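Okay, got some structures for you below.
One chain, chain A, appears in both complexes that follow, with chain B as partner in the first and chain C in the second.
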Partner chain A sequence: MKQKLVVIGGVASGTKTAAKAIRENPDLEITVLTEEDYISYAGCGLPYYIGNVIKEKKHLTVMNPEKFKEKDITVLLHTRAEKIIPGEKKVIAKDMVSGEVKEFPYDKLVLATGAKPIVPPIPGIELKNVFTLRTVTDAVKIRDAVEKEGIKKAVVVGGGFIGLEVAENLTLQGVKVTLVELLDQILPNFDKEIALLAEKHIKEKGVNVYTSEKAVSIEGKDGRATALVTDKRKIEADLVLLSVGVKPNTQLAADAGVELGVKGAIKVNENMETNIHDIYAVGDCAENINLVTGKPAWFPMGSTANKMGRVAALNLYPKGEKESLAGVLGTTVVKLFDINAARTGLSERDARNEGYNIVTVLVPASDRAHYYPGAKNIITKLIVDRTTHRLLGAQIIGEGVVDKPIDIAATVITLRGTVEDMAKLDLAYAPPFSSAMSTTIVAANVAQNKLLGKIDGISPLELERKLSDSQLQIIDVREEAEYVVGSIPGAKNIPLKEIKKRAAEIDRDKETIVVCKIGLRAYLGYLALKSLGVKNLKILDGGVTAWPFKLE
Partner chain B sequence: MKQKLVVIGGVASGTKTAAKAIRENPDLEITVLTEEDYISYAGCGLPYYIGNVIKEKKHLTVMNPEKFKEKDITVLLHTRAEKIIPGEKKVIAKDMVSGEVKEFPYDKLVLATGAKPIVPPIPGIELKNVFTLRTVTDAVKIRDAVEKEGIKKAVVVGGGFIGLEVAENLTLQGVKVTLVELLDQILPNFDKEIALLAEKHIKEKGVNVYTSEKAVSIEGKDGRATALVTDKRKIEADLVLLSVGVKPNTQLAADAGVELGVKGAIKVNENMETNIHDIYAVGDCAENINLVTGKPAWFPMGSTANKMGRVAALNLYPKGEKESLAGVLGTTVVKLFDINAARTGLSERDARNEGYNIVTVLVPASDRAHYYPGAKNIITKLIVDRTTHRLLGAQIIGEGVVDKPIDIAATVITLRGTVEDMAKLDLAYAPPFSSAMSTTIVAANVAQNKLLGKIDGISPLELERKLSDSQLQIIDVREEAEYVVGSIPGAKNIPLKEIKKRAAEIDRDKETIVVCKIGLRAYLGYLALKSLGVKNLKILDGGVTAWPFKLE
Partner chain C sequence: MAEINIDAKFLQCPGPIVQLFNAVKSVQSGDVIIVEATDRGFYKDVQAWCRKTGNELLSLEDGDVIVAKVKKA
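What follows is the complex of A and B.
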């Protein structure tokens, strides 16, 4: 008799597991159960469907049950798994259309139940035009509302990736968007100075942003949403998107005795096996390991889901050594209007919380040869272990290309490279693609300078907290013409060339911060001031370019 | 008395060394000698100046002696170093304008004499409008000829990067270009199937390409070039660019007793020290180590030049451990009209010559989510060590982004990663930037399948050589509608779904090649045919997409 594989869940990891499993074991009888209307759809593309960047729904839903049938895989839509009975190796599921309840016996069971949006328990969430976004059906409803009901104003609650991408796409559709975030920054996985730069940009693009603000209720009229009320104000809105986060969809698993881990995600080992024999878990419902710390974590990502699906499929009936996924880095990238932001590994905050003794750098540089048309700046932040010099994390933001350098950083972290390794990488150079000294290498060189004590830096956040300190002097070493356009509040302008001549104007006993546009002239100014005997001396990391606060 | 540093050469590595040296040792007295008219110019940008992509000369020549003076560095233009006397620690140089000969005593000497174009010894090279391209002055002359003399037809001799980039840029200027290459392929550092794809593209863009053809002479009239004569034909041309390669400019060094290595480049250790104490060499005049083989090599690249300059500068007066550059990978990237091509590490040919037992893959895939606007295909070739599974090299070509995946590959090779490591990288995913399964990961997965013996492949080059073999059958498993548009010569169409049904049409004793568009359906067809008992079975690597020859 044929071995039976049942997969619960039909988006990324579930269908990946099924497709790979049948290639590995052509005799397997595979059934995929999903309560949704679509399978294998492009979950990460949904915001772009709302914005009409992706024109047609069919582009999001390339696969269907018929196409899986051709691969000898049975997919049952509208079929909700209601109970798993591990002792009898069967799943009880209900056809949501006919109401019929069926049993699905299995030899191997793969849980790919994904995650679901967290809905904040506030009054008004039942009103029309209040949405969450997780499925194709959700996206279609939102776009229909925008295009057919003439939505003018929207509020997005939550400043994570989905919230931000929807804010952008609604704006592209001509909707005035206000974004409300409970935390004191958008992009919660990024360090604050990077998040502030992103916030500045989306505000320039016309999105209202309110951070440290709590959604309290949604008001409506005739059953339709009319406003979001926060703890600070009332914001008129014809449409409200609740995008405050997701949680793993694991009640079914938990009820069956499957062990849960971080944030309620299913505990799996690196072979995607759960605590119950012959039950595997993959995708957004399953836990990961943070490759840097070695600790359990939860990073629900489509890219990871695919890898997990492949690993699980190979381990159902392993030939030889089992396949494994040691862990992930939480690498992510997001486009926000004209800028891009990406991260990998530990943030500065993560690293400090984990007890690492770290050095950070913040380095603006051009993503390709400055003289080549289309060259744009990016700002690279590196988080480096002071003891081992290993790269622990990176965050990159700017109008230029960020996905390339973040992927290089992710590769360095995965292979446990140091900043010295990074600085010597032989990366591809030609003017249309890179500078001769790529941003990655420049940032690694600055990190080396800091590690060797050649230079000391202060982060924009730290400097901003100290601005009112009278024992602090800030020297802006740019030319006067640059200085007058805008500088750090309280900074005194002494152009680099004039430092020696104007030495008398500098108080050698004060803590001194040297500022320039990106950090290079500040480095030279630092050396000059050091030779003049200034002792408590730092440069402003990232210079005026990476300063996320107001200039004066 | 101040220590004296003399640098000979003022383009990338020479000026980098000087600028870094003064930061490290502010008291150093630095003199840079160059016989050229410009310093620190963008050598790699010159083809784009010819094409008017870079509009103005000033964008190529941002630095000048005055700006170096501000850094306390003396730069002497038009000053040719004529002799080095290591015993007396001095350089004899001649001012090419005044004719004056001067002595420059040094404590440390850095050789950054670069490379110079090889001029083939053929009749007619002295004619007007016969050029080489290495300096800003060369580029200005060529663009002036094109824009002011109404050049209509040009011949480029040499199909390396510079030749190809100039061919593109002349075409953009409305010039009809013919490219003549002595070897049997353009892009000599790439494997032939990749080079053939590039050749196909530039031909589509209007460039005539003749490979395996030797330039014999240049004909002229009234002192101006009128045609290039090859061993096969005569090609009319108002302009001839000789771009057959470069050689290190090291006669001066050799005369002083500095030891030379590979291809006449100056032998240096990883600290950029030559065999003579206090003499260093950096940039295109100096040798490198191939990081994969550990053997000396010569990869003249602007990116490497900058790293070497930094290393030399730090080692003039080392504080603590010496800085080193262990080696490079020969990573390069080139834009050719609408496609991009990149390479790193060993080519398949290099790897076989070095005696590696290798596996290669050729994998077409989309550079971002297929449904996101602007998604484009690239073809990834990996060269993998069968014994250790380590990545040895990669080559990528296509309309999509190639510099990102080649940089990831370069990082994996540098940190001695395997394809298993590569397949598990947590790379940044969002639809505007990548597919959920990035091209890099897909290619690494295919390599794993090959290493595990799950599938066997044949390269396009190998299949093309065998096409007339009567013991070979080629099965194209695509749909009929795809097959009729064009397939491999002699291929029989049996769509994937029909394989079982039409098993009788398949000769189980013949060597069988399974073909599809990119390789995925061929993999499924391979499994189906294997289960039917076909033994001598392979898929065509890269499918019809990567087939660089004519389709039928």
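What follows is the complex of A and C.
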């Protein structure tokens, strides 16, 4: 008799598992159960469908049940798995259209039940034009509302990737968007100075942003949403998107006795096996290991889901040693209007919470030769273990290319490399692609200088907290013309060339912060001031370029 | 009124704003300076600089090469 594989869930990891499993085991009888109307769709592409960047719905759905049938895989749409009985190795599912209840016996079961949007329990969520965005059906409804009802004003609740991408796409469609975030920053997985730079940019592009603000209720008229009420104000809106996050869809698994872990995601080992024999879990419903800390984590990402699907498929009937996924770094990238932001590994906040003694750098540099047309700036933040010099995390933001350098950083972290290793990487260079000293290498060199004590820095966040301190002096060593455009509040302008001549104007006993555009002249100014006898001396990490607050 | 062209393309640090500043110092009131720059930051900087120094920004073109036309006050 044929072995039977049942997969519950048909988006990324479920279909990946099924497709790989049949390639490995052509005799396997595979059934994919999904309660949705579409399978294998591009969930991460949904905001761009709303924005009409992706024109057609069919372009979001790469596969359909007929194509799977050709591969000998049966896909049952709108079929909801209602119960798993591990003792009898069967799944009970209901056809949501016909109402028919069927039993699906299995030899191997893969749970790929995904995640679902968290809906904040506030009055008014039942009103028309209040949405969450997770499925193709959600995206179609939102685009229909925008295109057919002439939506003018929208509120997005939640400043994560989905919320921000929808805010951008609606803005580009001519909708006035206000974004409300409960935390004190958007992009919750990024450090605050990076998130503030992103916030500054989307505000310039016309999005209203309110952080540290709580959605309280949605008001409506004739059954339609008209405004979002927060703890601070009322914001008029013809459309409200709730994108406050997702939670793993694991009730079905938990009811069957499958053990849950971090944030309620299904606990799996590195072979994607759950605590119950012959039951595997993959994708957004399952937890991961954080590759840096070795601790369980939850990174619901499409890229990770596909890897997990492959590993599970190979382990159903392993030929030799089992396949494993040691962990992930939570590497992500996002485009917001004209800027790009990416992260990998531990944030500064994560690293401090984990008890690491760290050094951070914030380094603006050009993504390719600065004389090559189209060169654009990016700002690289590195989080480095002071003891081992290992790279723990990286975050990059700017108009330029960020995905290449973040992938380099992810590789260095995965291979447990140090900043010394990173500084010596032999990276591809020609002017249209990179600089002779690539951004990655420059950032690693700055980190080495800090680790060796050649230079001491202060982060923008730390300096902002200290601005009112009378025992602090800030010296801007740029030219007067640059200083006039805008500088750190309270900064005194002494151009680099004039430091020696104007030494009398510098108070040697005060804590002194040296500032320039990107950090290079500040480094030279730092050395000059040091030789003049200024002891308590730091440069502003990232200079004026990476300063996320107001300039004066 | 004189018109002065400045090629400040491919300058990185200090950048085109310093070139503009030096040019303004050396010309007469009413003269026009045309700056070509590739530094992305120049687009915003030149606006802020003109606002703060009282020189008039006659026009500003964005693109791979940013072109600013500034009239000395």
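FYI, the second predicted complex is superposed on the first by the 552 of 552 C-alpha atoms of A that agree within 3 Å, B and C clash if a C-alpha of one lies under 4 Å from a C-alpha of the other, contacts with A are read in each partner's own complex, and residues count from 1 in each chain.
By our rule, contacts are C-beta pairs under 8 Å (C-beta built on N, C-alpha and C of every residue); 3 or more make two chains touch, one makes a residue touch a chain.
Since this is a predicted model, take the numbers as computed values, not measurements.
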item: Partner chain(s) touched by A:T331 [first = chain B, second = chain C, both, neither]; value: first
item: Touched partner set for A:V484, first chain B, second chain C, both or neither; value: second
item: Contacts of A:D403 with chain B and chain C, given as first, second, both or neither; value: first
item: Which superposed partner A:T545 touches (first chain B, second chain C, both, neither); value: second
item: Touching partner for A:R521 - first (chain B), second (chain C), both, neither; value: second
item: Contacts of A:L425 with chain B and chain C, given as first, second, both or neither; value: first
item: Chain touching more of chain A, residue-wise (chain B, chain C); value: B
item: First, second, both or neither for A:P373, with chain B first and chain C second; value: both
item: Contact residues common to both interfaces of chain A (with chain B and with chain C); value: 370-371, 373
item: Chain A contact footprint on chain B (complex, rising order); value: 12, 23, 26, 42, 44-45, 48, 53-54, 59-60, 62, 70-71, 161, 291, 301-307, 310, 320, 325-326, 328-335, 340, 342, 344, 369-373, 401, 403-404, 406-408, 410-412, 414-417, 421, 423-434, 436-438, 441, 445, 452, 497, 523-524, 527, 531
item: Contact footprint of chain C on chain A as seen in their complex; value: 366, 370-371, 373-377, 399, 478-482, 484-486, 516-518, 520-521, 545
item: Sites on chain C touched by chain A in the complex; value: 9-10, 12-15, 17-18, 20-22, 38, 40-41, 45, 48-49, 52-53, 64-65
